[in-house]
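Shared chain: chain A. Partners: chain B in the first complex, chain C in the second.
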Partner chain A sequence: MPEASLTHEFQYSSARHQAETAISGMWLFLATEVLFFGALFLTWIYSRHWNQAGFDAGARRTDLAIGTINTVILLASSFIFSAGLAFIEAGNTRRLIQCCAIAWLLGIGFLILKFGIEWREDFSKHLFPGPDFAINGPLGGGARIFFVFYFLGTAVHGLHMIGGLVLVGWIILRARRDEFSFRYYTPVCVVGLYWSFVDMVWIVLYPLIYLVGRGP
Partner chain B sequence: MSEVVIETPGAAASYLANGVTLRSWLLTTDHKRIAVLYFGTITFFFFIGGGAAALLRYNLILPQGMIGSAETYNRLFTLHGVVMVWFFLVPAVPVTLGNFLVPLMLGARDLAFPKLNLLSWYLFVAAGFVVLYALFAGGVDTGWTFYTPLTSAYTNGHVVATAVAIIVAGFSSIATGLNFIVTIHRLRAPGMTWYRMPVFLWSLYATSVILVLATPVLAMTLLLLAFERIFHIGVFDPSLGGDPLLFQHLFWFYSHPAVYIMILPGFGVISEIVPAFSSKRLFGYKFVVWASMAIAVISFLVWGHHMFVAGTSLYSALVFSILSFMVAVPSAIKVFNWIGTMHKGFIRFDAPMLYAIGFIGLFTTGGLTGLFVAALAADVHLTQTYFVVAHFHYVMVGGMVSAYFAGLHFWWPKITGRMYPEMWGRAGAVIIFIGFNLTFFPQFILGYLGMPRRYHSYPPEFEVLNVLSSAGATILAMGYLLPLGYLTWSLFYGERASANPWNATGLEWQTASPPLTDNFVSTPTVTEPPYNYPPPEVVHRHA
Partner chain C sequence: MSQRFRSLLLAWVLLMVLLAIEFGTSFLPLDRSARPLVLIPAVLMVAVVGTIFMEVGRGPEIVRLFAVAALLWLSMLLGLGSLDPMTRIDYPVQAAHPR
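After this line comes the complex of A and B, so read on.
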């Protein structure tokens, strides 16, 4: 990587030094995110252990079709983003922009399906664990806790999605200003790490919400 | 490195002279200026939390309580705990001395992510406003531990606002910890190998690991708590199918490592000061370094000792008890190493050293009494009593706050370019030491005799010890107001400091006081191990 022609912030010795530092910073940030979601998953699994029937009753009310489509959408989105990264490594800015745009649109699609359609259905079916919660009887308590996790988990994941979409949008804008080249594409790497992490969270959420305890 | 730098008055190049407008401070990304912003902020919170503590001690002068209601008392001790833990103790050394010194000690020009550093200050201030709102809107009466279902179902305090404030302050801590770890990995000057780093950097590294890995767990826990409280659903509420012990596990998974977040940077400060004022190499450098790392690791494995009487199984309690005893080993290694450093040293009793020596004694007392409460049988008697309060304050106030003051005096000339008045500094250290012991030693006895904590009234037979404790608190308060006075005075009238007034090693002493905006004229190269002080005999002959 020819470095002399690239600028870098004053605290670094070279552009490469800066780039590697930025990437290690993102990895460390992801470590904190793992612990953040880790606490959620731990609580989720622990609560399920004590309220298994209620959780299963809750899981059966979720919309498996939307959940599965969203999983495909999200994985496709980060796959395509990674393809964009491969393109910019070869210096192809036009392809990078196209890939990011598709990844961005897929992300928006996920949000529409998740919050515009699935959540609205859930609310209309009184699955929000409020006063008029739909599931009553002996399983009601456990099912309520399931839906606490469902709404909190998807909301926090959704916020991360929105953050990721802002970042992907930022990459598109910078790429349109022709700021990236085969020499300099660190922000694409950093955002790519984050965008893939958002997937990883979903890959754990998906079975926890839709699959475990659903039964045949 | 180059002595030439030191001789130039350098007022124009100093970081303090680089712009005097409000904007030049509020939009700065200079780690030194951000440290100064943090100094102001946490001093403010220190006196808010301290004011609440003063009212608590005022109330306890009489057995029936001097303040009208138990409710007010509950709100005051919660305020004291929340403000002191999250808005003073956790951030104190890292965000002030750490922000200022990490790049200087590494020979770097700034932290790896200066903008993130500024963001962390804004997050902290935002969190501060929210917590002040919660305070003025009526406060919280649950104690800083927020145990469910009291917090989620019963109390009428401002739990959600306080939880939000703590979550936001937590993100601020994460940003700082992340910045330190990456900076220490990536921005060491040429020749600054890991084992040439001052112990202060090692202990901040260990602290940052805990900050980065434990804080997000607290954020999620408080999020669940807030969710539960707003929507009346029970993840932690047993009447709704939840588990209150789960909350305690998660809370202490953060909050026990958090006490090491508070004390580890203090260890780092003391490890700098003791060699400097003994004119001796730090005894057993690698042991001190790895003791810090060991504490960081073991700290994640001991949280269960907060729940010995909460209904956990005997076997898990046994394991947690043994693990808790294990933390004493690296802590004791440090104490022995500091004393080994002083042994046959040429000791100067300047204010930083007085604070440091006070720290060693008070921390040792606090640490050893920690073993009492880590023992299962003793804990059944001592838990929830003033014994625990005294133990905790010996480590946190006697230990950590002393270390903070030690470091503040030690690096004050470097930060401000002015010397503090030495006699006042020594007087402050002695007054704080006396006031502290008078405040908290009686609490060990009170706890042993069975006085429970968190009550606004008590049986009359405890009156004498409580009055002693409150009298001590008055002295302690004076001891804390004193530095506020003379340090502020020294900002304007203090003697100008030379680059290295203590003849200390370390890169931060090889640039001007106050440092240049760019820290160093040219990137330093490190060729020596840390604490390369001359043998004491040599100093003695020249002194």
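After this line comes the complex of A and C, so read on.
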């Protein structure tokens, strides 16, 4: 938490009050996001319960290697952004920029793997739940529902990633203009919370999509 | 700074270990209905990210309130939402005979 900034807006009693309000506001927003994604996770619970075999047949058609690499990438990105925050707390703007740039590049890498490679493969294998869906027979219905969850979940998460990348880029630009110091870095904290939350959502999506349905 | 960096690094290593456990357990010969147990390491990973990367313990009290409220609402959503599929008993329907 930033200790103090030099100035504050008129509606706050102090710079500390302003910083705490910004951070609390982001936490409140994230609490609503938990419910947003919670509804998605509930559809998984409900749909898989009634279509276990079809869901598992769908999960076995996903690309485990790309999913796992993407998980490692996102965890690394979140760690590196948090390290950048620790650096600016110590007043090291240069290291903050470097950490944010690496976190941003890892985020781009995630999107390329997910949408540039994995989604393209999924479409070419006819795994999009449309008229020429690849899995037919008694498991077809459950597998279709699984792939609706897969495409919806990864698309919504991807949109959040794009929003996060814009925010991380904004932090890099502001840091390059020397707008942060050990006395003022509230936006870095706020964006860091969002970036880690996007990581958290993927931590849950990863086993739901790639792991639960796999196995011998 | 180095203390904070060390704890972040430790958290990242812990996350990698949990990921490896999760990955490994997904190949265990578990019953289909028991397979959601694979999610346990994911729950621990979320807790690590929340406490160390997001520093939920730091900052104003209201941050903890929002975090606890989010967990409470989520547990109500998932708990009440899964009550029906988990408790419903399906009775076989007698096939209709053509006249």
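Criterion: the second predicted complex is superposed on the first by the 211 of 216 C-alpha atoms of A that agree within 3 Å, B and C clash if a C-alpha of one lies under 4 Å from a C-alpha of the other, contacts with A are read in each partner's own complex, and residues count from 1 in each chain.
By definition in this document, a residue touches a chain if its C-beta (ideal position, glycine included) is under 8 Å from a C-beta of that chain, and two chains touch if they have at least 3 such contacts.
Everything quoted here is computed from the prediction, not taken from an experiment.
Trainee: For A:129, is the partner it touches chain B (first), chain C (second), both, or none of the two (neither)?
Mentor: A:129 sits against chain B, while chain C stays out of touch.
Trainee: Would you sort A:7 into first (chain B), second (chain C), both or neither based on which partner it touches?
Mentor: A:7 sits against neither chain B nor chain C.
Trainee: Quick check on the superposed pair: does A:50 touch chain B, chain C, both, or neither? Answer first, second, both or neither.
Mentor: both
Trainee: Compare chain B and chain C by how many residues of chain A each one touches, and report the one with more.
Mentor: C
Trainee: Figure out whether A:24 sits in contact with chain B (first) or chain C (second), or with both, or with neither.
Mentor: both
Trainee: Touching A:38, do we find chain B (first), chain C (second), both, or neither?
Mentor: both
Trainee: In the superposed view, which residues of chain A touch chain B and also chain C?
Mentor: Touching chain B and chain C on chain A: residues 20, 24, 28, 31, 35, 38-39, 42, 46, 50.
Trainee: What residues of chain C sit close enough to touch chain A in their complex?
Mentor: 1, 4-5, 8-9, 11-12, 15-16, 19, 22-23, 26-30, 32-33, 35-36, 38-39, 42, 45-46, 49-50, 52-54, 58-60, 62-63, 66-67, 69-71, 73-74, 77-78, 81-82, 85-86
Trainee: Taking the complex as given, what residues does chain B use to touch chain A?
Mentor: 103, 108-114, 174, 178, 181-182, 185-187, 212-217, 219-221, 223-224, 227-228, 231, 233-235, 240-243, 246, 250, 518
Trainee: Residues of chain A touching chain B in their complex?
Mentor: Going through chain A, the ones touching chain B are 9-12, 17, 20-21, 24-25, 28-29, 31-33, 35-40, 42-43, 46-47, 50-51, 54, 129-130, 141-142, 144-145, 148-149, 152, 156.
Trainee: In their complex, what parts of chain A are in touch with chain C?
Mentor: Touching chain C: residues 1, 20, 23-24, 27-28, 30-31, 34-35, 38-39, 41-42, 45-46, 49-50, 52-53, 56, 68, 71-72, 75-76, 78-79, 82-83, 86-87, 89-90, 92, 192-193, 196-197, 199-200, 203-204, 206-208, 210-216 of chain A.
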